[in-house]
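Note that chain A is present in both complexes that follow, paired respectively with chain B and with chain C.
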Partner chain A sequence: MFFHYIDLSWRSLKRTPLVSALMVMAIAIGIGITMTSLSVYHMMSMDPIPHKSDQLFAVQLNTTDDGNEWWTSDNVPLQLTYKDAMYLHNAETPVRKTASIRTAFTVHMNNQDVKPFLSSVRAAGQDFFTMFDQHFIYGSPWSLAQEKAADAVVVINEETNNKLFGGTNSVGKQIYLDDSIFTVVGVTKQWQIHTKYYDLNNGSFNAPEPIFIPLTLWEPMQLVSRGNTNGWKHENVTTFEGQLQSEMFWVQFWAELPTENDVKQYHDFLFSYLTEQGTKGRYTREKPEFNLQDVNEWMEYNKVVSEDNKILVGLSFMFLAVCLANILGLLLGKFIRRAPEIGVRRALGANKRQIFLQHLVEVSVLGLLGGVIGIGIAQLGLWGVRVTSSQYADLAGMDLTMVLTAPAIAIGACIIAGLYPAWLVCKTQPAIYLKTQ
Partner chain B sequence: MLEIKPIFNSLLRSKAGAIMLLIQIAITTAIVSNAAFIAKDRIDFLSQETGYPEDEIFSFTTMTFDKELDIVQKFEETETMLRNIPGVKNASLFNAVPLSGSGSAGGLSLKPATEEGPDVRAAYFLADENALDTLGVNLLEGRNFRPDEVIMSASRDVFPEVTIITQALGLELFPTGDALGKTVYFGVAPLKIIGIAEPMKSAWLKDSRPDNVSIIPFVGASIFQKIIVRTEPEQRTAIMRQIEDLMIQDHNKRVIIGLQGMDEDKRDNNASDILMLRMLITLIIVLVLITGLGIFGLTVFNINKRTKQIGTRRALGARKSAIVRYFLIENAIICVFGLVLGSIAAIFMGQLLLENYSMPALDTFYVLMTALFVFIASLLSVVMPATKAANISPSIATRSI
Partner chain C sequence: MLSMKNISKVYQTEKVQTHALRDFNLEVKEGEFIAVTGPSGSGKTTFLNIAGMLEPFSGGEFMLDNVNVGSLSDNERADLRNQKIGFIFQGFNLIPDLSLYENIEVPLRYRGIKAAERKLRIEECLEKVGLASRAKHLPQQLSGGQQQRVAIARALAGKPRFLLADEPTGNLDSLMARQVMELLENINSEGSTIIMVTHDQELARRAPRNIQVVDGQLADFTLYQNKSSDSVAERVQQSMAEV
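After this line comes the complex of A and B, so read on.
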């Protein structure tokens, strides 16, 4: 019966080509526009590490004086001071955790083969790789002993390995960061994330750093942060040592807390640390203030999805509603004109349910056609987004979920629009139409 | 005389189609007026005057990886080399590039930081006496830095004693407008204001104080050094193309990155606004088109449905203009109801955006203009099918089917 209905739908579409085309175009354009903004929204808000996003927590400590304002919703600074971050990093807590900062180096091989290039570099603890689920092609993270000894070791990603070593196993080989020699201990698989959730300071959608070095090199190498450094009170900082001891915020910190009990214990640990710091008179604050937020909360807190995008998604759905009203009006006209034909079918024994279903199948066919054309229009729209902004280059695309969502929304929307006209038409009294013919 | 009542009555008899049209017009009005308002806001933002000849300026960053080098000395030579390139008007080392989205800002205060005093947020550029000329900005009052006032140092132990600020910053520090010659404090360092410059923007157009800019004559050549160059506009592209080679030729332990014209830099930094603008404009155009087509389609349908009635009316003596008028008035009635509903929805929606997002309050003018625009667009969509209807021959009515 279903295929018969599809056949009927097809005939019906062909009978009124202009109106059918109008309806298909209306739904296609509606879906196209909606999917364009929804796809970008989907990519931006997508959980970057679904299987453990509820176990990774960004740590914030409020070590400013009471009444000090910050641009976050709860006035807590986004980053940590060096001394707090290093204390948490070295503390004997039984969880994986890491402080890290973004810095930059000129990378070269001290020969003419590879042109020196500037690269972002992350200084982090060895837990970083396990915590954020980085996989290694060759080698492994540096060992704890190497980290403690502040050895000049480096982990590079696949792309850098291709550039410097032609993709061969480079473990044990040496590269230059500025004028210092580093030994490669591991090569990571290319990290496929859209959102740089572990450090949202300088653009949420920047690429992750391609090179990693131990955090312990920070002091001996006097690493300079290439991220944000924010002060909140006057401090006369003229030396590197002075900056390390200062109250400026410039370090990111993450902890992996797999169970609720871990979260609670870490919570208590932070509370007692801040209480102790407060009593030392470092800052004036009545009660300790700090945040532990998991990956999704952190992305929401940092407003990774821009307001503009939310507004666009809202407007697009309203736009889709206009298209639906449009289709509903046209369907009404089309179906009602068909009443005589339906009268005959009813008289020949079709029941109301069958008539109703037949018309819903017809609008679904419209929806499917519109949805498929809509995907094409959305691709055009996404292409436009990519051309406008290189920042969105990786975000403006449709993954499989979105490709399947498009016809689903289209068919769903068409069925909603078709319910009333189909109901009207299935109420047709056969007698009236049989009389006039 | 305008037959409003009979038309209205006949509308009531086939409500559903009319209501759909009404809803469509209402939502369209709500979306278009808000979208147009946000779009206008973005256009104003993107086309604002920055104070710089953006098509003459480009900038880049030099990363030096030579520990033996006397960087301050080397960059002096580099500056001279850059200024001597034919077509280059001026070049300077800067700590940050205007409009680039990355820079430094702090508080300029009337009292040293050790005392409590009013504090005004200002972006600061550290550069030498060529700074204003390199940026293409003129002085309104006072004088430029003298070479002997420029401090060149790798540390901040010695700090300059003078500064040039924009008029906006001057007025915020000294509301009476007599900033020239006064002293302000950068942390604990006193700076005498020796010049007031024409308006120019800081590194961030979206800063809370984008017009507050201070130039401090300090050159702290670093291994990560930004350089700004101003050229003849038509020669900029050619000079930019050879700049990397010239810089490496000047010193080979260098990497050049971020080579970009100021206008491109600005465009990249505001890409999300340009994108929003384009999306909104597309939305408005397509929406009006869809609504127009919807009205067109519905009118065609109504006419087909009423072919016999129209024929009968014509046979009974109605003029063609009366038929056209009938459809125009019918549409106008639906439209007016839709517009009233849509305007209320638009204002409500504007209120919602204002409360939940950082959007400015919707100007009612936009709602009125949109309503007018939608009204005209809807009438235009009816004209064609209505004229077609008017041409229905009266003989149709006399046929049996």
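After this line comes the complex of A and C, so read on.
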């Protein structure tokens, strides 16, 4: 019967082509607008590492004096001081963890073949690649020995490898970062994340750094942070060493804690560390304050999806509701005009449920058509977003989930709009119309 | 087979109650061909609608094949209607954008009959009404008489126990009307029970049993097999005069 209803729906649409086209376009435009904003929202808010987002924890330590305010919801700074980050980084804890800092270099090959270019570079521990699921095309992360020895080694991404080495296996080859020679130990696959969740300081939706070096090079090379640095009290920092020992916050820190027990143990470890620091009189705070927040909590905490984005999605759904109100009116007119035919069908044995289903299938077909066209309109909208806003360029796209969601929303919305007209027409008293046909 | 006892039907508006049927009693036996006559507005169609379960009645008892219709839900009445009753309407009531084949298929689909059996039944019914070669035509491509034959084929396809016909020849010229009547007589002779509402006294006379509805009641109830039809006309005229 379902396929028969689809056949009847198709005939019905063909019988009133103008009204049908109006309804399909109304739902298509509504869906197009809705899916444009919803797709961006979806990309912004989607779990960037779903299989282990509940195992990766951003670490926050409040090493400010009591009464000091921060802009976070719980007054805890987002980053760590260098000395705290390095202590946690080097601590003998049985978990993967890494401090990391964003910096930048001029990349060149010391020859005429490749034009030098400025690139963001992340200084991190070797655990970074495993923790954040970076996959290697060639080579591997640097070894622990190389990290401890502060060897001048580098991991580059696929795009950089294409640019510098034409996509060939570059492991063992050398590149220049400013004036220093680095040996390539690994080439990673292009990292497809829409949200740069491991460092939300300089734009949540910026691309990940294409080049990584060991964090242990920070001190010998006296590198400069290209991320955010936040102070909370007056400090006369004039030297590189002074910055390393300062109470300014400029280092990101993550730990991978696969089990609840790991979380608890690391929690205790942080508690002990902060208690010890407090005892040493480093800050005035009655009890230690710190956070361990998993990836999704961290994104929520940092308001990756702003209120504006949520309002935009809300408004687009309201626009869809307006489109649906129009469709409801058209459906009412169309279905009520069909009452005599329904009267005949009822006289011939159709029960109310069958008539109701027939009309719901018809509105579903409308929704499906509108949804498919709506995907096209949404693609147009997303293209507009990409062209006009570089910040959202990587986010303005539809993944498979969104492509499937569009017709689902369209069908669902049309069914909602069609419920009342279908209910009204299924209540048709056949006797009223049989004489008047 | 069909039994109505003290059936009443009241149409209620804000200020006015209209009694379309009152104390309506009727027994119909299997295989009967009954012509229902009466003046306009007397309640003939209301009776037929109630007999066909197209509208509810206000009071009384209506048994159809030992099923108490009054106790059925709307959906149960629809199922019973689909299984037991075939309708023939004055205006044919074919669905315009379905072919003849698909029109006849409508009640069979609602009954859940499989496609192969539907095909057999439809072809058989089209053959019976002499339109086998027009199965793919649309209703508007046929004459009025042909459309009514399709409507009859549609009513027959479900092999109903009752055929309810509301002025089946009302929109046809006399030649076509006679052909349709002959078709109904043939169907009746094959065992179907037919209740036909008509204004046409000539056609009514051809039915073995005539009943008259006047002012919502069964004014007369007589078997007219092999009797003069004049008395029917006289009684109708008398009834109309009383109204």
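The rule is simple: the second predicted complex is superposed on the first by the 436 of 437 C-alpha atoms of A that agree within 3 Å, B and C clash if a C-alpha of one lies under 4 Å from a C-alpha of the other, contacts with A are read in each partner's own complex, and residues count from 1 in each chain.
Here is the rule we use: contacts are C-beta pairs under 8 Å (C-beta built on N, C-alpha and C of every residue); 3 or more make two chains touch, one makes a residue touch a chain.
All values derive from a computational prediction rather than experimental measurement.
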Counting only touches as set out at the top, which of chain B and chain C does A:Gly376 meet: first, second, both, neither? neither
Residues of chain A touched by chain B versus by chain C: which partner has the larger set? B
Quick check on the superposed pair: does A:Gly172 touch chain B, chain C, both, or neither? Answer first, second, both or neither. neither
After the superposition on A, what does A:Ala104 contact: first (chain B), second (chain C), both or neither? first
Classify the contacts of A:Tyr420 with the two partner chains as first (chain B alone), second (chain C alone), both, or neither. first
Is A:Asn326 touching the first partner chain B, the second partner chain C, both, or neither of them? first
Which of the two partners, first being chain B and second being chain C, lies in contact with A:Lys310: first, second, both, or neither? first
Is A:Arg345 touching the first partner chain B, the second partner chain C, both, or neither of them? second
Just to be sure I read the superposition right, which of the two partners does A:Ser389 touch: chain B = first, chain C = second, or both, or neither? first
Would you pull the chain C residues touching chain A in the complex into a rising list? 45, 49, 52, 54-55, 74-75, 78-79, 81-83, 87, 89-93, 95, 97, 106-107, 109-111, 154, 158, 166
List of chain B residues in touch with chain A within their complex: 16-17, 20-21, 23-24, 27-28, 30-31, 34-35, 38, 63, 65-67, 113-114, 155-157, 187-188, 223-224, 253, 255, 257, 268, 271-276, 278-280, 282-283, 286-287, 290-291, 293-294, 297-298, 300-302, 304-305, 353, 357-359
Could you please specify the touching residues of chain A with respect to chain B in the complex? 18-19, 22, 25-26, 29-30, 33, 36-37, 104, 106, 108, 116-118, 178-179, 224, 234, 236, 238, 306-308, 310-312, 315-316, 318-319, 321-323, 325-326, 328-330, 332-334, 337, 381, 384-385, 388-392, 420, 424
Partner chain C, residues of chain A touching it in the complex: 1, 4, 11, 15, 340-341, 343-354, 429-431, 434-437
